[in-house]
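Shared between the two complexes below is chain A, which pairs with chain B and chain C, respectively.
Right, the complex of A and B next:
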């Protein structure tokens, strides 16, 4: 069905169900309970899950299939965000033109950068994309925000002001991002027992986009084109000998993943009409690499899982402070309680990045296949079954 | 003319830092074939060696001076560093004053140890893995090191003053009949960088150890077959590269107060420097470091920034792109290095 094989269809259904029922699934604890802080079912966070999921799916098309590690993908996200806010400023708050333009602009921008960077491969490619992204960041942060030609509004971030033209804006329409009159912020609250579910329109817009993006990526993975991209990864030289030129394929993959990034950037702006240069910084590029690796590069569902995992723990870990820690360890004797709090303290709250860095190292070292591989290993362990084929595979983990 | 030479001089201190970091990166890359994203963090740790030593030296105890009172009429509390009470105010004061140059002595063993631990403990396991994995794991390590420093020292830049004797401004042009006022510490930094670079080259060129390492860089397998434990020597080179980056960081403190993300800021540019110089070429890295530092300084002049606003922010990247398009191997890159 829909040109999908049976297992892909099952995967697609799982993603469909997960995204559509996310407001319920991510809200397992009653609002009043102490565990409510672990709930993730509120619109802002769910939107970020989905948007960064799209970003990671796009990145995976480049990295997972061709093996080209781009360290500058945040540049396309940033460009997309700026394009979308500019549409808000010029045309009005309807998100459709903004998102369409952000995809187009990011596509053109990535075609330009890809054309130059893809002349080199391996580490040169990573450094070139990093250099381009840092250059775009510098341009957006200072150069393009001079009074004569203010494209990005520098440090403040690009936002909509009341004296902007907004040609298609009328009084009937809400004064914030909307889709044909329905504002992104519209939320339907549903109270069942102690639970409080929030169904946000903006989230569902993102979710539909994610489902479409995911479907396209499945089709791409299974297409002859996807096969070509895998050939680029496994052996470019051999591919050239068979008379195929890898360049157009890699460039196409680069542009497609750039467009995904632009789409994510556009959605970010659509949810919150403010685009800042820090979205293009190289740490942001590192983050999407991390999501993809953590979830499992080259797998279909991995990047989405990775994005959700990182955004969820970023949110939860940042919220935990010493007070929360004390309440957790209160069952211990006082001295031990303080010791435990002191031990855990550096890793939570503001120390989230430390945890992230450690996690990154651990995953790359011990679980190069990411969460998906971890799940498979766990599954095999539980069922007690070892597939003969997986044992024959070259084992990439170090001998430790 | 004066202004022209002054711009070149201005570029030298940043150029020195680029050259030293890029030199270490190239050493690691040339010997072990690893792309070390944590190299900027090593530079930063070096700077924080100086900060730590400065803090340790300034640990003081309080005494009450009954003869003086503060503005509220209470007896004045005087802080005296332990060093001053032990060695007398003159020697003790001098030690505190010279804490940054003195940190060099501490930083060398510390940085070599950190480098060896990094190589033996982590990076060793990644030699046979793809470059992407090496980049990713060292990137993670860089984040961790950065956050650890942030945890202990806070997020704000910490002042690490140069010794009083090296603080002022020195007119370099007196014997040329020009007026070139220039901070002494920057001259000192440049000289230090030149000495370090020469020391590294001399070490590689004139010692047996260096000869073996160079042979290993050219053909690792054959050297191994000759019965030489090349891995051990390469690990030591990693330690050496870490020390070079660390020393560059120690001495950079007085120019720019160190903060936890200074390493990352330098790292991206140093990578660009390595690529422009030519991957795997040590002279190329040094040359490109100084060249790009000077270029950046010229792009920061008012003339340049008024004609092309923001050119100082992007000039290095632009040059890197142009170089890679026209000379893909970089300025002094050799054939066969990093070419799949």
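Right, the complex of A and C next:
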């Protein structure tokens, strides 16, 4: 069905269910309970899960299939963000033109950078993409933001001002990003018992885009094109002597993943109409690499899991401060309580990177296939049957 | 004029004269062997034929058209397939996928963005790949990872990948290097079968005299970058010049 095999269809259904019911799945704890701070089911964070999931799906098409490790994909995300905000400034707050333009602009930009960077492979390719991304960051941060020609609005970040043209804006439309009049911020609250579920329109827009993006990526993985990309990774020499030109294949993969990044950037702006240069910084490029490897490079669902995992840490663990720690360990005698707080303190709050780093090390060392491999092993353990190693798709376990 | 004509080809690497005045003609539907001691320029010559190297002088004509300046993938599309000394296959892919890639390259050319159709819907290609795998007795290995096979199987797979493209000319670079006698004989039988069953020309670079004399219709002896003699196997066997340059060393 839909041109998918049975196992792919099952995977698609899992993703469909996970994204559509995320506001419930991610809110397992009652609002008043002590565990409520581990709830991730609020619109802002859910949007991030999905948007960075799209980013990582795209990155995986390049890195997972061809093995070309780009360290500059944040540049395309940033370009997409700027393009979308410019559409808000010129046309109005409807997100559709902005998102379409961000995909197009990111595609063109990645074609340019990819054409140059793909002349080299391996570490030189990575360094070239890193250099281009840092150049883009510098351009956005200072060069393209001067009184004569202000494309990016520098440090402040690009945003919509009241004197912007907004040609198609009218008083009937909301004064913030919307889709044909329904604002992204519109949220339906549902109170059941002690639980408080939030169904946000912006989140569902992102979710639908993710589902489409994921479907397209499955199709690509199973297509002759996807097979050629894996051939690029496996043996370029054999590929050329088989009558195939690897260059256009890698460039196409690069542009497609750049367009996914642009789409994610456009959605970020659509959820919050402010685009800053820091989105293009190398740390942001590194983050998507981590997401993909952590989840499982070259697998379909892995990058989405990795994105969810990292964003969850970033937003939930970073919020655990000393006050919270004290309340956790309050059952202990005073001296012991302070000791425990001091021990745990470096790993939470501002130190969440430390925990993430440790987890990343553990995953890469013991589960080279990422979280997906972990899920596969767990599945095998539970069902007690051995799967063929070529069976790349596991029964995915929920991310959170 | 032959299927492949090499005229006055020369190639230098800095001060080293790797090839000079190489003239060679490979006749249609024949097996042509190129032999010579180490450093005679056999591999350099082969690389000049497939587009990996560009000769400094001379010309290489395939089917009457020059291949000089063409990229390796373009030369393959003209109908020249190459088997490497150590089997070059897609190790991370399955045997079946290894067969489908050359078929797609043959059907769709050097590049085509087939990103929305499904590999499993290519029934024609799958059938042809299965037939070819059956021919080389590898059908039972179709879902195996290519890298996990034995070296002999990898060699057969590489051969099958080349043959499925129906090349006019098959170039073999020491196909039996490092093989045990039994494997060598199997390869000879496989090559004989290929020669007899198909409309194909084979050019083979080889060290092993046993292989050369059991397969070749014509032999070119290369020494220090120039051809010494070109003749039939029977005449080569007793040729004094050849004995001096090549056989004298080993025999």
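In this section, the second predicted complex is superposed on the first by the 381 of 400 C-alpha atoms of A that agree within 3 Å, B and C clash if a C-alpha of one lies under 4 Å from a C-alpha of the other, contacts with A are read in each partner's own complex, and residues count from 1 in each chain.
We take it that contacts are C-beta pairs under 8 Å (C-beta built on N, C-alpha and C of every residue); 3 or more make two chains touch, one makes a residue touch a chain.
In this text the structure is predicted, and so the values were computed from the model without any measurement.
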| item | value |
| --- | --- |
| Touching partner for A:242 - first (chain B), second (chain C), both, neither | second |
| First, second, both or neither for A:289, with chain B first and chain C second | first |
| Partner chain in contact with A:220 - chain B first, chain C second, else both or neither | second |
| Partner chain in contact with A:384 - chain B first, chain C second, else both or neither | neither |
| Per-residue contact with chain A, leading partner among chain C and chain B | B |
| First (chain B), second (chain C), both or neither touched by A:252 | second |
| Touched partner set for A:228, first chain B, second chain C, both or neither | second |
| Doubly contacted residues of chain A, that is, touched by chain B and again by chain C | 237 |
| Parts of chain A lying in touch with chain B, wherever the complex brings them together | 63, 67, 69, 71, 116, 119-124, 126-128, 130-132, 134-135, 138-139, 141-144, 146, 236-237, 282-283, 286, 289, 293, 346, 351, 353-354, 356-361, 364-365, 368, 396, 398-400 |
| Interfacial residue positions of chain C with respect to chain A in the complex | 50, 71-73, 76-77, 81-82, 84, 88-94, 97, 100-102, 104-106, 108-122, 143, 145, 161, 165 |
| Parts of chain A lying in touch with chain C, wherever the complex brings them together | 3, 5, 219-220, 222-228, 230-231, 233-235, 237-245, 248-249, 252, 256, 388-390 |
| Touching residues on chain B, where the partner in the complex is chain A | 35, 122, 125-126, 129-133, 135-137, 139-144, 146-148, 151, 264, 268, 271-272, 274-275, 279, 309-310, 313-314, 317-318, 320-321, 324-325, 328, 338, 340 |
